[in-house]
Every structure is written in C-alpha cells, then in structure tokens.
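First subunit A sits with subunit B, and in the next complex the same chain sits with subunit C.
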Partner chain A sequence: MTAEKILTRNFARADSHTLKAYLETGGYTAWQKAQTLPPAEITEEVKQSNLRGLGGAGFPTGTKWSFIPKSHGGPVYLVINADEGEPGTFKDRYLLERDPHAVIEGMLIAARAIRSATGFVYVRGEYVEPYRRFATAVSEAYDAGYLGKGFDVVVHRGAGAYICGEETGLISSLEGKKGWPKLKPPFPAIKGAFGAPTIVNNVETICHVPHIIARGAAWFAALGTKTQGGTRMYSVSGRVTRPGVYEASVAITLRQLVYDLAGGVTGNGRLKAVVPGGSSAAILRGDEIDVTMDVDGLRNAGTMAGSAGVIVMDETVSIPEALMVVARFYAHESCGQCTPCRESTGWIYKMVRRIVEGRGRKDDLDTILDVARRGAGTTICAFYDGAVGPYVSYIEKFRAEFEALIPR
Partner chain B sequence: MRGQDGTDAATRASTPVAFSVEQLAEVHRLQGLYPDRRAALLPVLHLAQETFGYVSLEVEAYVAALFDLTPAHVHEVVTFYTLFFRAPKGRHIVAVCHNLSCHLAGAPMIVAHLRRRLGIDVGETTDDGRVTLQSVECLCACEHAPMMQVDDRYEFGLTPEKVDRILEGLR
Partner chain C sequence: MPNLTINGHAVEVPPGTNLIEAARKIGVEIPHYCYHPGLSIAGQCRLCMVDIEKTPRPTIACNTPAVDGMVVLTETDRVKETRKSIMEFHLINHPLDCPVCDQAGECWLQIYYMQHGLYDPRMRDEKVHKPKAVPLGPHVMLDAERCILCSRCVRFCDEVTRTGELGIFDRGDHSEIGLFPGTELANKYSGNVVDICPVGALTDRDFRFAVRVWYLERATSICPGCARGCNIEVHVNRRRPHHNEGRRVARLKPRFNADVNRWWICDAGRYGFAFVDDKTRLLAPSRREDGAVSDATWEEAIGAVAGALRRFAPDEIGVVASPKMANEDLWALRRVLEQRGIRRVAFRVPPREPGDEDTVLIRGDKNPNSRGAELLGLDGDGAAILAAARARVVKCLWVFGHDLLQCAWDAAETDAALRAVPLLIFTGTNANATSERAHWVLPAATWVEREGTYTNFEGRVQRFRAAVEPLGQALPEWDILGRVLQALGVEVSAPRAERWFRELAGAVPVFAGLTYQSIGDGGAKLP
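For the complex of A and B:
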C-alpha cells in the first residue's frame, strides 16, 4: 500500500533541490519527451492518468487543461498555487524546498499543453525559505536554458491571507489587489489572471506531470483507484507517534495511514477522531477510519480528501476546544466579501467559545447548526462551505461533549 | 508598551519616505514582470516594509504614486494581508502558530511562556523595541508542532527551554 515513492523519491538526498541532483535522477527527460508530443496529446495523457487536483478540490487536471479555448489568440497563463495554508497541510513546503525542479519541469510540460508562454508561482508570504529555494532553482533553470526559451516563470510572494489559496482569490491577489474570490463563471480557464485564459494548478499536482509523461497514463492510473490515479503526499500531524509527510497510493486507507505509516496514536493511545483532509474536511470518529483516502472514497464517507492534511486526536482531546480553534481560524480568515460567511464565521466562533468557557446557552448548538446550514452554498467561493464541514460534523458526532459544557 | 495599532509620530516624522535609485530600478523591474504593472504591488510593498520598517499612511501614498493608483487602493490592499505592519514593529517578529495541530501540541502554553518572558501581550512590542509577539494561523509545519516563525525562520518542536534559547539569540 505504501507504493513506490514518486514525488518524494529524492527527499533523502541533502542536495535534492539542486539542478545537478535533479538531472542525476532523470530530471528534465520528461520535458524532452513532451517536446516531441503535440499539445493535445499531452493533455489527453494527463486526462487518461486520472490525475486529480491535490490542492483541495480534486478536479481532474487534464479536463481542467482542456477548458482553455482552442481558438484563443492572446496570452494564456499558467499559475501554480503554492499558497499552502490549509491547516494540517505541509506537503507543498517539502516540494518547494526539496524538489523545486520537479515543479519547473511540470510547468514546462503543462505550459506546452495549454500553449502558455508565462507562468506565475504564487508562494505564501510566510514561506521565506521555500521561496528562496524555489527562486534559486528558477535561476538555475534559466541558466541551463530550460526557461527563457518560449516559457518564462515569475515567482511571486503573497503577504499572508488564507483565502488567496482559493484559485480566484489567488488571481485577484496576483493582480495586485486584496485576495477577494471572483464569481464563477467565467472560470479561470476562460477568463483568469489579467483577463486571460488561465490554469491554476497546485504544486503537488504539477509535480506529478513529468512522471505521467515519462512513464505513461496507464502506469499512473494503476497506482490508484478507478477514478483517481497515482500517489499523493499525506501530511500527518496531531497525536501520532511519527508525524510527517507520507507518500502513498490514493487508495490507502485512513487506518493504514494512521497506524502503519504514522506509527499509531499517542496521548492515551485510543483514537477519538481524525480530520482526513485539512481543517475544512468534516471530522471522522475513531470508528470511521476504514475508508480509502481517494477523492471519491472520502466523499462517500461524508467528508473530503481536500489537501490530505490528516490531524489525529486521541481520547484526551476536547472536541469543543478543537472546534473553537478551528472556528477562530475561519472567523479570522473570512475575506469579508459575502455576508453569510463574514457574519456567520464570527458569530459561530463567539458561540463555540462561550460554550468552551462554560458560558454556553442551551440553544447555542442548534443555533450554530442552523446558521451554518443556512449559509452553505450561498457564497462566491468554497471557503464558507469548508467552514460548515467542521461546524456541523464536530457537533453532530460529539454533541454530548458540547452539551456537557453548557450550564443547565 | 506599544500596541499594534499605536502610532509613533516621532518615528514617522524622522523617516524619509523615498526609495534609493537602485530600489526604484528594482520597482521598475518588478513592474515589468507582469502583463499589468499593478501586479507588482505586493512585491513592492514587501520592499517598502523592508526599507521603511512598516507601511505607514505616508508609505502607502508613496507606493500608490509609483503605480498611479489611489492611496485608498493601496490602503485596501495593505490592510487585507497579515504580513504588512501599519505601525512600528519590533526588530524581531515572534509569531506562534495557534492552529489545531500546534494547539494539540501545547501552543497555548508556549504563548503563555512568551508573554511571561517578554512581559507583553500578544500583538504588543517590548519597550526596548526588540520583539513583537504574535499568535497566528497555520504556518503549515504541523509535523513539528508546536512551532513558530521568528522573522524569516521557522522554529520547530518548541519547549519553554527552547523558546528561552531562541529569545536569547534575538538582539
């Protein structure tokens, strides 16, 4: 189940971030091959591989690329979302720091497929070291002639705002504005950055592309499930013996991930709950972890694969307190554009907080559930729906624990 | 103690708000990287903060003029992001992650320890201007919880003892 290491295969090398190391391990040979393929064939190969976006939404990557208008005569942009910020996720940091040339090679191939001459890599502002590592790799790629011959890469630093990880918020931010998401349609593939057709791909997603081109769609698809190919990098944290990044098939189960790879549960050793896909994913009880981690497997389990940030809680963890921390995050990070999100995230945080502090009112739990559900699906972007996941699931699955804190 | 929203008229008046010739060349280079030069606003604001210490209203107006934008537009951008300071900050920024994984690993205890050691609350700066203390959302290094960012560096696996050693290194 742990499969072959693909994205993380060079992580053990101290110099894995250098062009020298990348070339020694077969780097840029997929780009050589891609240059012999017609763009449409590259997109078709990625489609057949069943690669799905690994930043959170899980959208089929090849299908996304195919949305770029064929007849478009103006510029097309490729934007890499390195604004990693989903609580519990830290995989893209590893890729930027330890295998930056994989990002660049993936970009070169994707740019050929969508006929883009310019790529932007939006790195979260706090990632200073990953930014430097990546910018150095870009300089190396220019010096070696991989970049600057029909495709240029601009590395762009964000300035601290979770919402900029949402693809249209990222585009607004890249354009020099506050990171407000935009109403879709039009989707970025039709009208994205600077008004031009734009593909936004996550760092980890783009790193898979060279391997798909080098080894074929069938090989990649066979690593996963019927509807999602490949491996992915799971970020495992919280109460586990060995927190860290683990690359495994998308078909691994949550139980295997927590017990076999991360070494099992610490604290009192008894599993209470797991967040499987970053904080926006609905929580699972300890007895709900026999599910596969692919996009559809977790969707069928009532939660989501998201960014594969797995946060483990043992029985000593207070679920109401955990929800308070999560609710504080959504209240702080709501961009303020849509009324239901702006108002509800603050209000719900206040209610959860007073419950935790022993000042809860007897109808608070029902009010939270009501407020949460009414707002779902009414906003411009998926941020609020992502907040509703934890609000509703924490309370529904651990209601007695909340009720015990509310004075009678 | 100076709160994050406090102002310091003396500092403001004494700092001339103008880039050097070299920095202006860098501004033009950055503006030329994008199809629309306005896209260089965040990079230039980062440069402005490095240069002037924080992004005052005067800095906002100066940067706005470099882009032919209104000061109001720049103000809207500056206030949207957490990494831009609108008041003088300490020589070092200590930002403790308080999100879920760090919380589970004892972040509240780390924040309490820092408040005691520095004698300030979250959001404040020490009287000697050495350290500004912050409590921030997920920095995406949850495998090393509890963690914090000290200026450009991530510091992992914090304990009160480790925090003390890190503080000693900040001048």
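For the complex of A and C:
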C-alpha cells in the first residue's frame, strides 16, 4: 500500500530544497494555473478534494477557507503553522528542509483563494535548520518574482512553547503577546491575527494544495477514503526497525505502517502498544492496530489521527513510565490560562510519578481517571483534552501494570 | 432586545448582555472569578458554566451573549458537578491558610466552596510553592500561592489605568502574577486591584492585619478627596477598639455608581482618611488670650462668636468658607450671613500646587463641594477679604478649615492679615497654622462622623452618612452654625442635617424638589 509519493517525491534529491530543483520537477506550475482560476473555484476544488488539516484537528481545509467573510474589506491573513511540537511528530520539519518551495507555492494559491496579501509562517524555535532552509527559499521566491507581487511572506520564529502550536495560541504569540489561546468565538476566520480574518493551515496541509490544483480534486480524493483525500506523512518512532517519515495513503492501516513500512518491532520483539497520532492521541494495544489511519477510522477506534506521529512501544517499555513522561510534558507545557488544565496537569503528574516511584496509593488510579474526566471539555483550547487522551487510555488499557507498582 | 429564559424565568436584556448579567437581572448568581463587568472577558477561571439548550456540554456564561429564544439552566446536575470540579481545581494548590489570611470572611474561595464545592479533598501531594508577602508597590502586597490567576488585576492595569505594570509569568501551575522588570504597582489607582482580587492574593498594605473583616461595620458615603465625589463605603471598627491602634476608620472601599466612578476610586481618596483619627484633631472649643490657649465650653464659644458678629459692623466681618463643607453647612452659614448682612464671603483658597488630574476619575479641584458653594452664592473674592484684613478694614475673620498660610497666596501678606485682625475665629476638624493663630477655635466633625450632601463638579448631589460618632466635642458645621444662629435670636428647629437640606431645597431654586429620600444612594443630578 505504498502510494505514489507526492509530498516527498523530491526528498531523494540532495538539492530538493532549491528553486532550481523545484522548477525542474514541475514547481510553480500549479500557481500559474491557479492564477487563471477565480478564488471561489480554488476553494471549491480544495473542498472537493477532501483535504483535511494535517496538524492535528483534521478539519476540512476548503471548508475552513470558506469561513472568511465575503464582505470583509480589510486585510486577511494566511498563517502557516510550522510550530511542529506534538511529541512523536517530525514531518513538517522534513518539508521545510527538503521542499520549502512547496510551502510557498501552496501559500500563494491559498492566499489567492482567501484574498490575502500577507502570509506568516510561524516556525518552531528549535527548528534552526528548517528555518534557514525556508528563509532561503523565501528569498529565492522573492528574487524570482513569485513573492512580492501582491503577496508577501513573513517568517516568524517561535520561542519554544508547545501551546504556540495551538492555532489561537500561535496567533497570540505572533501578535507579540504571551502565547495564550484565545476564547472562541470569535474564530480566527472572523477575527484572528491582529484582529483580522485569518486562516491557519499546517505546513503539510498547505503543501498538498499545489497538487490538488495541478491534478484535480477527484484524483486527490481517490487517494484516500470517502471522507478524507490524499496521502499524508507518518512520523514513525520508538521500537521499530526503520524509524522515520513515511508518505502513504490516509487509508493505510496501522499494522501496514508499523510492519510493512517501518520494518516491524525492533529485534522481532512483541508489539505492546502504539500511539497513532502524536502524544495527545489515546494509546492502542498491540492487538488493536488493524485500523485505517484516516481521521474517521481512528476516531472510530477511540483514538485520533492527530498529527500522525506514530509511537511504537514493545514489551521493554513500561507504560506507567511512558505515562509519567507524557504527564510531565503536559504539566510543563500547560499555558496556565484555564484553571482545570493549569492545576490538574501538575497534580496528575505528581500522582503518576509517585506510582512509578513505588509510592502510589490505592485510590490514585481512580483519582487520576476522575480528575481527567472532570477537566475534559472545560477549557478554552484542546490542550487539556489532548492530555486526557493518554491519562485515561494508558490507565484503562494497562491498569494491571499500574496496579502492580502500587504497594498493597 | 433578546428575550431568553433562565431557569424557567423569562428575561429581556439589551443586545450584547452576557449570561452572567442576564441572570443577575432575575436574581440568579452564576458563580465566577475572572469575569468582572468593568474589564474585558478572559474566560479562564471556567467556573461560570451553565447549560444552554441544544448545546452538547456546559458553556461559560461570561463569553456567551444572550440570544433571543435561548434557554439557559444554571442548576442542572451537570452544571453543579462541573462547578464542584472547578472549585477543586482552584483549591488544589491553594495554601488554605484562611486563619492567617486577611481576605478570610470576604474571600470568594471560601464563599464558593461552601456554596458549590463541599467535596472531600483528594490532593495529598506537595503543593506548588510560590513567593509570599511580596510588595508590589506602596499599597499592595502579593501572596502568589493564594492567587487563582484570574488575571483581573492584570486586565485592570492594562485596560483601566493603561499602565500595564502586571503580567502573568511562567506557565502551567508555576504561573504567577508579577511586575514587569523595572516597574512597581504605583499607579494612581493601584488599590483597586485589592478590591477586584477575589481571593487573598492581593491585600492592602494599609489594612492588612489591622482588623478582621467580620468586626467591620459599613456606612455608605462619598469620597471628599476631589470634585468627582466617588461613591464609597466607609468600613469602621467599633467592636474591637483595641485593634488597629485605635483607628476607627479601617478602610474606604469604592461603591459602584455607573454615573460617577463605576467600580473604582483613586489611591489618594482611598488612603486619604488618616486625618479622621489623627493626633491633630481638634477635640474641644478653645480660646487664646494673651498667647495662652484654654478649653472653653460650647456655650462660651458660641456666645463669643455670636457676640462678635453682633459687635462688629457687617462690613468689618470677613468669612472664608470651605468647599469641603457640605451643602447643609454652607446653607446654615448663608443663613448666618444673611441674618447679620455680612457680604464679605468667599470659599476658594488656591492651593500652592495645582491639583493633579486625569481622564479616569481624578479632578484637579481637591474639594468635594465647590459646585455646591457656587450654587449657594458664596463665591466671593478671598484675596480681597485678606487684603481688607491687612488694611484693618475687616476686624473679625472667620475661617473654615483652610490653612491660609499653606496656599498660593503670599504667606507674608497672609501672615500680616492674620496679625492685623483683632478677632480670628477658626472652625475645622484638625489643627493647622491658621487655627494656631485663632482666638476662638470651634472643632468640627469630619465627614465620616456626620451626614450631609456634596454637589460634585457635574452638579450631582450625593449623600454621605455617619459611620462613627464625632471625636471629642466636635460638631458638624451645620450644628455649630445653627447654634450661632440661635444665639443671634433666630429660632432653629430640630437640629438635624436633613432639616437644613429641606430648608435649602425650599429656598434655592436649582435644588427645588430634592429630598434625602429622592437623592438616595445613587445621587441626583441637578438640572
């Protein structure tokens, strides 16, 4: 089930990041075509392609674009979320480093669709090389006249907070404020960056756009499932033979991904668990991997496609320790704005750590589950719900392993 | 106007009203911490959850505008459970140090725990520790462990004073309120952050550890600090006189008035009450003869003043009234002046430094009743009266409250006037350089020791009420003047402030129809 390479088609070329290589492989021809299309037609084409956001939420991209108010007179902003921070995810980094012009071409087309004259690319602070490659590509695009003629791109570097990958946290940070997510409504498409209508798209999502325009919505939709078109890039890490980024259809199963593409469990060990969509996705047991990786397939399996960061654990991995690491991450990265998230991520981390250290109490597990469930859905952004995914699923699916650590 | 239903009751509210305010209209309180009607919506405490029909899960009421046909339920099981959970989250890292916390007794963590929490505590791990007893500025102390990070204080400094000293630093459960580097919380309204802090995180350095709040009694009042006339409450401690070093007035708090001061008062007003219990208070009538000061009875003092008003020709008498006097006092004074035909009267004494002012509340005129004194026709030429005293034309000078030696007038000339005048009478609350020159001193009650009305710069007449008894033998000026009037042979009925106001309203057309009842606690704007 290794589909045609689309996003990663040039990755093998050492000079894939250059304008020269991009042009030699058909780069910027989709932009030429898009310039002949009315903006509404571009949005419609993206809608028909069933492209869904690949940053984590899986929202239909064309639908999002259509939320920009038609009558709006002032500026509209396009923001590209390159703050890739979801643990287990490293695909956008590859795109920025190896195909930066695809991001720029996708932005040009999206900007035409939403009538935006300014785009911002918010690059994760730790991504130094991706930033350099992308900034160089932006200069090349200006020199070649793709940018600067009705559309400008501003490259902005983040300062290392996970929450700035949440789209409204990102907007706050871009505005020069503390990276706190904003209350919704209003949604960014109505009132986003600097108070103007704003579309925030993930790097990988925007890279798909030139291909959809060049080859048509029907072609793209046919690559995936009924409700989600195309391929996507899976970041596979953990206890597998060949960790790395793999491009495949959204309809691939988790088993195919782990065994066929990533070469199976290291040392032919027994698969214990897989996190399919980055650390915020609920964990699956080793016997639950016959599911398709599309948004709806994983949702039906009780987890989520998220950012497609696939974290593989074999029998050598302690699930309680893994949860402690994850819980420490969420306690550290909670922005502190909403009370339930601010207070309980720290508390839950303390309880999990105590269990791992052999100082657990009998009621700790039920307390963690109860606290997590009570906090779920009560906050401004999805961060806390993302933390609840692992809190609940690790304990529910591997409860005996936790109980074994609690003194009788 | 959207029509909606809250807990089965129909309510109509102006467009844009949020569900907290809509519920308030029908007497339903939706618990909340971060929401404050005078600040932007933060939506971060997550306590104000309500159920809205056709909405899958509880929604925050503060950020939800009322919409026509909306059906809101504030007391469903699901909402109650959510509130309980949010209360638990707020208290996980709270130190629970109520016995030593100044906020105890007026703390919204205590109140809401009793109303909406009542869970059994489950947090048995070490709490997060943060800085305690951190002075943020001259008036405000921070205990970061008690802080629930509602951000009201941050928004106040960003949106009301626009001074932006405060921020929330760090992340997650290590977040804490703090000052931006190089700043201190010293803006002219800093005390308001203590009022809007729903917990014991921000306490008042002037008030903390002075009196437990449950010993305080309250009286509605008006700030006398400038011509704005901010509405306030006077909090006094009479039940535990050994607390607070004998200071009876414990603190002043703003009282909401949409037309005057909204929710706020300035620091100058808030902390401007020290003179009430100060050592300089004048406690008994006194006379000065040949340089020796001795106490006198009120009968002697009134008799001496009335005698002087009779003895001197009207043109030999000058009166410097005060714009700090209430309308009732000024009216009683006018009656005395009319009785004797005295024409030399003024009330304006220019300060040495012009008063500071801004566009929020603070007025340059540091007197609460200049407008009232104007409307009662007392606006004469004060400098001319002093000049007449210097020229020995005015032989009896009666000064109310002012220290004429501490004003913009030339001190040497004033000094010459005070030396020249054969009889100097002083009526005021506290001793000053002018009162020390006086031959007769009549002690007056401060504004918290009596009732009355002020007319603010916009022509709003506002009532203030007595919070404590006058100190010593001090009397309200209207009472002193009424006694003088009686000594001059005019019958004065029941000595109450309201009587003088009724007489004033009957005599001065612009006040026509006003009564204490119609002024109420919100004040009444003159036409």
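Descriptive notes on the structure:
The criterion applied here is as follows: the second predicted complex is superposed on the first by the 406 of 408 C-alpha atoms of A that agree within 3 Å, B and C clash if a C-alpha of one lies under 4 Å from a C-alpha of the other, contacts with A are read in each partner's own complex, and residues count from 1 in each chain.
Operating definition for what follows: contacts are C-beta pairs under 8 Å (C-beta built on N, C-alpha and C of every residue); 3 or more make two chains touch, one makes a residue touch a chain.
All values reported here derive from a predicted model rather than from experimental measurement.
Of the two partner chains, neither subunit B nor subunit C is touched by A:Ala251.
With both structures placed on the common chain, the touch criterion links A:Ala161 to subunit B and to subunit C.
In the superposition on chain A, A:Leu183 makes contact with subunit C only, not with subunit B. In the superposition on chain A, contact is made by A:Phe329 with subunit B only, not with subunit C.
Contact with subunit B, but none with subunit C, is seen for A:Glu126 once the two complexes are overlaid on the shared chain. Once chain A of one complex is fitted onto chain A of the other, the partner contacts of A:Ile42 are absent, as it touches neither subunit B nor subunit C. By the touch criterion defined above, A:Leu298 lies against neither subunit B nor subunit C after alignment on the C-alpha atoms of chain A.
Taking subunit A as the reference, the larger set of touched residues comes from B, when subunit B and subunit C are compared.
When the shared chain is aligned, no partner comes close enough to touch A:Ile114: not subunit B, not subunit C. Subunit A uses residues 161, 178, 332-333, 335 to touch subunit B in one structure and subunit C in the other. Put simply, subunit A touches subunit B in their complex at residues 75, 84-90, 92-93, 118, 124-129, 154, 156-162, 173-179, 194, 196, 235-239, 243-245, 275, 279, 309, 311, 313, 317, 321-322, 325-326, 328-329, 332-333, 335. Residues 41-47, 49, 57-58, 63, 81-82, 85-86, 88-90, 92-93, 122-126, 128, 148-149, 167-168, 170-175 of subunit C are the ones touching subunit A in the complex. Looking at the complex, you find that subunit B touches subunit A at residues 33-36, 38-43, 45-46, 67, 76-77, 80-84, 98-101, 103-104, 137-145, 149, 152-154.
Of all residues in subunit A, those touching subunit C in their complex are 161, 163, 178, 183, 185, 331-340, 342-347, 350-351, 354, 361, 363, 367, 371, 374-375, 377-380.
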